[in-house]
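Two complexes are shown next, each including subunit A; its partner changes from subunit B in the first to subunit C in the second.
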Partner chain A sequence: MNQPADEKNWVGKALPRKEENRLLRGRGRFSDDVKLRDMLYLRFVRSPYAHARIVSVDISAAEALPGVVCALTGAEVVAQTQPFIEIGPDPFAKIKDYPLAVSKVRYQGEPVAAVVAQSAALADDAAELVQIEYDALDPVIDAEDALLNKSVLHDEAGTNQVWNGVFEYGEVEKAFKEAAHIVSIDRMHFHRFSSTPLENNVVIGCWDPKDERIYYECNNSFPSFAIQFLAAHLQVHIDRIRVETSDIGGSFGIKITSYPQMAICALASKKAGGRPVKWVETRSEHITSSAHGNERTFRDTRIALDKNGVITAITSRHIDDCGAYPRYEPLGCVIWSQVFAGVYRFKNARIDFSQAVTNKCPVGPNRGYSRMQHLWFLERVVDICAHELGIPPDEMRLRNYIRPEEFPYTTPNGCVYDSGNYPKMLQLAKQRIGWDEWKKKQAAARKEGRLVGIGIGTTLDSGTNNFGQSQIVNPGLPYSGNSQGANCKLDIYGEVVVAVGSCPQGQGHETTAAQVVADVLNIHPDLVTVRTGFDTERNVHTGFSGTYASQFAVSGLSAVHGAAQKLKAEMKRLGAFVLQTKENDIEFGTGAQGPELRAKSTSKSINYWGLANLVNANSAALPEELYEVTLNCRYIWRAPFKVPDKQRKYGNLTLTYASQLHIAVVEVERDTFIPRILDYVAVDDCGTVINPPIVEGQVYGATAHGIGAALMENCVYDAVGNMLTSTFSDYTPITAMNMPKVKYDHIETPSPHSYSGAKGMGEGGAAPVHTISAALQDALFAEGVFIDDSFNNADSLFRALVAKEISQVGKLVKVEKR
Partner chain B sequence: MYPRAFHYHRAGSLQEAVTMLSQLGDDAKLLAGGQSLIPLMKLRFANPAHLVDLNFVSGTSYIKEENGSLLFGPLTRHAEIENSALAAKIPILHDCAAGIADVQVRNRGTIGGSLAEADPSGDWAVVLMTLSTDVRCLGRNGQRTVALNSFIKDAYTTELAHDELVSEVTVKMPPKGSGGAYLAFKRAAPVYPTASAAVQLTMEGDTCKDAAIALGCVGLTAIKATDAEAALRGKAVTEKSVAAAVEAARTVADPQPDMRGSADYKRTLVGALVKRAIAAAVRRARGEQVEVNHLYA
Partner chain C sequence: MPETIEKVSIQLKVNGKSHSVSVEPRTLLVELLREHLDLTGTHVGCDTTYCGACTVLMNGAAVKSCTMFAVQADGAEITTVEGLEKDGQLHPIQRAFGDAYGLQCGYCTPGFMLSAMQLLAHNQQPSDHDIRKAIAGNTCRCTGYQNIFKAIQLAAQNMKGAR
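And now, the complex of A and B:
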């Protein structure tokens, strides 16, 4: 503990993570570790059908099984609750989303009933005894088919179209008229996948009948959003819902949408007389029915280019598939427009964006949420244009990138990119991978008939949302801006304790928050205790608190910084009184008796215990004018946003724009069609780095997720809506065995929009998905293959190359040279 | 995911296990490594009323060399075989053991359980089919020896009677000048292969004196590719004879489309694996040290 005093600038240091001691020794506490007295176990009974009418639900045999306490059906839920809030406008605002299916099931795996028993094994037994009769309906699997409304999922809406809007900026027609080249692409498709947290969803719910309080221990990753949905649904005051989270084994946004299961645990607890009810999701449940990432289809894309290959305009029609219930959607219908222009300079574009429900698992905001689909689209556009026009892909990018001197750059839709330097990242990535060498090796390999490609992916990770963009999808919504809360105090014995409204899942918040406070108070980070993990009763949350959307470095640490500064100001005031000097003459440091305040140029000092004691336990010694000093400082940070122009769909939607530039060298083996990554580099720019190893860890993790998504992970449904990838044998998440060696590097373009220059990061923009598609495109263009899907594996490459059933340039891409 | 309730019995000897099976009847199952059985029970696809645990029977996990054969105890774990210098005398055995699933599965899963399960995608049957392998079976009436080729009858179906168990697996040492290799393509470590090929060649100079070729995951059981063997046997291993063997292997393969790939793709893949395995087998037959690793996505 006794570190040398006055060490400066902990922010930026490779400080080992404070939480490592706990997590790496298996001493973490996860929700499933928590066992409460008289706890019961819940199991869902799920639909085997993708789309069916529920004829009857009979829980009597299940309830009769010894050890079973109760069972719950949709009808009982309807009688006690209001349907969940819908974020979207009419007609989808009218749909009735309950946590158990009521008259219809809309995806395979949808919960229809719940059983509660004294043990998890008994609950499994009871679930088998629930009798449900179904009457199958026509399933809708493809989003484009869904828009034809031949079979409608939600009768109350009368349509499968959740949302539609046209995003148009600049002078599109003029640009096409003046274009030197026009490239048209019939169809492209971004596939469904999920980021597969190691820990599945877990909820313990307890609805105490005595004081009408609901207690949750769970691993939801956006609890302040969940309680807003739950309070309205369960008809209780929001203050009556307490949510605590513990260590969380990954979320990647997937755990944001666990509020339906949270509702059921509370209702089940109530029915069981207030006994706590625990639900631990199985892996197959997680894969089939927690949340998937958004699937998107891009139709009728047209690109106008000038004679140098500079893109001047894009028009396209995008259809997003949100699965059976919108839940967090249709926010994804606007979130993508945070990166409307990607890293490119084009000014004219029209995107007709719609979203449809289908009989598949509902989507959730999966890592890279809604932006990665659009970034992939743009990267495919840039690449195919480069190949068609014979411009090298690196050159093509340099001609189209936003230039370093243009920052802060305002995009056609009013977003302000804070900082960045894409050409510099490209240069660094090329240097790190040995671009020129690989070009030579590639030429030699091609002579031997080998299929080697080099691909570039440039990606944005926009962080700290302006929730005002929700008003673009529904003008009636009461959300805008962004905020986060933190509290910093000296406890009774003078300990520095920080609480933040975040619920980290491996992002190292305990460490980075301590670094920030240590710098403010000029003490060692070991002297700062950080309370992370959400707890509504810590009272540090706002309506946006949680851990999601690449923002802690900005929103979380700005809140921590604000609270620490508030505390410092109070300590100064108090110190000046005790040490009989001016506030400006107070110095902060660490002395023989721990952290202390000193009067400049004197030997007078008071340590933190002395200060805290004066306020908390020796208050008769405190003069009245200092009564307002509490040494317990709450600070709410707010992002400087305005409400966007809803009509024009124009405004700044995000505060910071981190960027990633990846290069992959990929070979498709001629005999096995296995795509092999021969080399890989990831260059990152998230502004000022607060803790280098934490950032590097996020980059590796996001890279693994992206490579998995590009080559291995695909949520597949058959024509009637059976999910074919419901176990790890079929949904094969990436493991270390499949990881290439990744070369990592970074540049720093500090953000002018955050106090430290840091940008939010962590989602990584799914950079490898674009990068690997680009490398495959480079490898296979000469073979007449167009990489039209974000998922490519040995089998699909075989079908494109040999069977020529799919992904043929000749069929999908047209070029008009004027 | 919890299995249905079941009775647990701990056998003290293999003979006692046999007695338990015959007394408990059809609803009883043996538990070896549990790496096939327990997942099925957790999914409630298998719901035995009784489990007879073999794990506490001593002397059932061993690798010995006797009379020109390697002998494996029924509970010998994949990991023991992977790490055994004795087993490495037949390199194709090491290729197989080291490539099954991941470390956790290899630490538990057994060679006896694997053959008894007769999973169409299991690795052991494919490899052992290219060697001279006998399965010793213990029943109420004592031991009998069944050649591997007749032991596995169909997908998930073996020659074993209900109250009979695998008590030993014996593999004849290949002759001098013989070399083999086993190669699979796996989408991820803890997943059965998309397709696999085992090749054991006995060479005399450039001529292939004898060939054994088996294919995995492209039929209801491992497939002995006899036409492919004939394409090499007695011939020089040249581009042409190899191509003929590959073609014969592709022809005999009978893959089903599933999440691992389309039928056409699997057929193409298995051909490529046979070709690569032949190349490695030839080098090993010549006495070269060749490391063979499965292909991963």
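And now, the complex of A and C:
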């Protein structure tokens, strides 16, 4: 029987994921599972030095090993390619970035040569036979030191400063003149970490010299970006590059920047006569040389407050460390400004932002990319001011939050926050954690000499970028807005098939896209086949297709919705002809013959097979005026953005702003200095929820990444640039033994900027990093310690509390009361 | 030279099926499963025995197949994720992981399910701490573990009902 044509049946429901069938049975298709005929295996030879001149590279012994097909060096790459495009302006546009080091190595783990053999084991053997002589240079490990240019990484640029810009809004000097209190913070530091997806990078590249086409099977998570770099670098037309992705074992942004390895696999395949070349990254390669999150130092911060503790102005100098090559950077130099004001109302601010290269692994987008550093900075500012002025941190936030009635809210730099209710989230989080009881327990614990703190972290997950912000970094860039494509068709036998250009890594796109289409056509989502994964030959992608930057719920599903509506309109037109009625008499539903269209007036119906057959296999029965009906509908969704004002650095940079409010109760053990989480709550607001358990799962995952980053996960370099945490045993990703039970809750403030009210939400704003810093601050402030680093483990807490080497509030924070 | 490395013949049973294979002594068990037997449901995540994506059962015990040589499995019975289904029906642990949204990207999931198999074979009513200990050697970067805890509890309940 026909069900009522209700477009809101499936969106919002806890539909089981369509992906599970293959994944639970071990039948996923991850890139390393793919074997192609005559496939060869590639192994990189990497630099043991952080900074050194390459004196010689000798591959002869490796090439002589039986089973080795070829080897590649930087010199060969230079002869065949152009350097990668640089996103930034001069002088960094002049640097020469190749996928293999040419005359110099600039970080430990940088690839210098590659060997290709008939098996992975033989490639390992051959790599050990490559002889490279180095002449060590002074390494630059700290970004502030880098800006002194004592040792320059890229001679072509002549400086280590990649970018500098001043973001100034409002009346800063006036606000400081009128301030009741001024708080100064000398230095704070956000550490390097990586989300380390469990599947490493994998590339299979095949470049058949005969037809000049390059084929990739890989797990890159932003292929439309990668192929633009590859086409220019390899000097092939972009249409000659086919990229296919399948199941991806996590990315969190890290797999966006695998294009250098993709380039090498293609060049190696070409040299090997067109045989496919597979490279499977090891975990140590991943940690030392894929990508890290941005490290950032905050200097000379000054905060003006009125007599009630309301922040009126902030000035600060931020120095971002992008590692040895800018690559995806310096986009991070502007992306943080999507959340320039965080969740706060201050109108006056001046941030002087620089980015520097150092002899460390290049950085790239990492869950919470570039915004989490700034959000952490703002949360530290708010907490430090609260403690210094004796205002409870919850009260301090209520005095400074953007108010619910102010949405849509325009920030000082022109971003438009779509919706939100931060006081309500705070209230809910306090209720869920039992704030008042914890306050009592904390007071009792303190009497016993225990170090217990309660911290709040309020954060934003800005989603769906306006790529026009790239022009703030480099006015010459040809990017703006945002778009996503989808294709929805009724196939020959009446199947509903949807294709999208995203590369999901566990976000359940097959499921949520099916929910959206099911609602449009009033059918069960089981009847909707969704093809995800990128494929340049599927013709659904746009220049921004991929999976990154918290946007699928908005950009991807808007495209799917648009394509499904186009298909529905065509089906209606065709149905009206077949059923000899008017289009407004047609209803959609499911009958005895499966999904169908029926005329309300006559109860006559035609099922999907009948409709599809008319177009595809029974076309003589179709009148000419219906020839334009293809039942194969492509839709491009475009975000309603304008190009920002590049001079003022002003404009709307992101479409939606999901928010997170976390509260943690943390105790630092007196004898071991181990920080332990006693209680944790995460409240989320991502507008209208498409599939509640999928959203909840994303919140838990982002929370684990944040807790791991705050307490366990740190990319540590020694003074000469040796990476000290290059295996999981050293890097220690958070495990089930360390992960606390998380109390989850949510509110919904629907976004007026998306068709469904949903907001992108996958990154989570690194809320736990801010929250745990705040809780540690609360626990240790009375001991004279202030939390000036985003990473805090037993070692650093010992150094702060007992050795008193670091984080001493008296030395680093000053308060001027007027 | 590597070519002249003498191969070793071994026999083992994988998911109930007998195999005779000859492998280099350095071949890891996970390579044997993935590359020689095409059982690609077992994954590699870290190479250093931390993450457990490569976990399989050897004679009923959960082992990390990236840290064992194939020759060490000579004569053993191995169960991989592909061997969990019976007659086309998902194992209760597989069903529970799906029902509890205990996976996202699915890369770590086979390893978690096999660690859970070992736990539930010996402990029908695991506490929260028992579950955490049982999967301490498995890393998941997507789920924050919360729904994995739920999935294993759910599997324990379902399997108890089935006994």
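The rule is short, and it goes like this: the second predicted complex is superposed on the first by the 810 of 818 C-alpha atoms of A that agree within 3 Å, B and C clash if a C-alpha of one lies under 4 Å from a C-alpha of the other, contacts with A are read in each partner's own complex, and residues count from 1 in each chain.
To be clear about the criterion, a contact is a pair of C-beta atoms (placed from the backbone, for glycine too) under 8 Å apart; a residue touches a chain by one contact, two chains touch by 3 or more.
A quick note: this is a predicted structure, and the numbers were derived from the prediction, not measured.
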Checklist line | Comparing the two partners subunit B and subunit C, which touches a greater set of residues in subunit A | finding: C
Next item on the list: With the two complexes superposed on chain A, say which partner A:N793 touches: subunit B (first), subunit C (second), both, or neither.
Entry: first
Next item on the list: Once the structures are superposed on A, label A:S729 by its partner contacts, choosing first (subunit B), second (subunit C), both or neither.
Entry: both
Note to self: Between subunit B and subunit C, whom does A:K600 touch in the aligned arrangement: first, second, both, or neither?
What the structure shows: neither
Margin query: So in the superposed three-chain picture, is A:M737 touching just subunit B, just subunit C, both, or none of them (first/second/both/neither)?
Written below: both
Next item on the list: Identify the partner contact of A:V716: answer first if only subunit B is touched, second if only subunit C is, both if each is, neither if none is.
Entry: first
Margin query: Between subunit B and subunit C, whom does A:I674 touch in the aligned arrangement: first, second, both, or neither?
Written below: first
Note to self: Quick one: is A:V802 in contact with subunit B, with subunit C, with both, or with neither? Answer first, second, both or neither.
What the structure shows: first
Notebook entry, point to check: Is A:K440 contacted by the first partner subunit B, the second partner subunit C, both or neither?
Noted result: neither
Next item on the list: Figure out whether A:R648 sits in contact with subunit B (first) or subunit C (second), or with both, or with neither.
Entry: neither
Next item on the list: Overlap the subunit B and subunit C contact sets on subunit A and report the shared residues.
Entry: 121, 125, 282, 284, 728-729, 733, 735, 737
Note to self: Quick check on the complex: what are the subunit A residues that touch subunit B?
What the structure shows: 120-121, 124-125, 128, 282, 284, 669, 671-674, 711-712, 716, 724-725, 728-730, 732-735, 737-738, 793-795, 798-799, 802-803
Next item on the list: Show which residues of subunit A lie in contact with subunit C when the two form their complex.
Entry: 16-17, 19-20, 23-28, 30, 32-33, 65-67, 121-122, 125, 195-200, 247-250, 252, 280, 282-284, 505-508, 693-694, 696-705, 727-729, 733, 735-737, 739, 741-742, 744
Check: subunit A touches which residues of subunit C in the complex?
Finding: 1-3, 24, 26-27, 34, 39-51, 53, 80-82, 84-85, 90, 94, 97-99, 101, 103-110, 113, 128, 131-133, 135-136, 138-149
Next item on the list: Flag every residue of subunit B that touches subunit A in the complex, lowest number first.
Entry: 1-5, 43-44, 102, 185, 187-192, 194, 259-262, 264-265, 268-269, 271-273, 275-276, 295-297
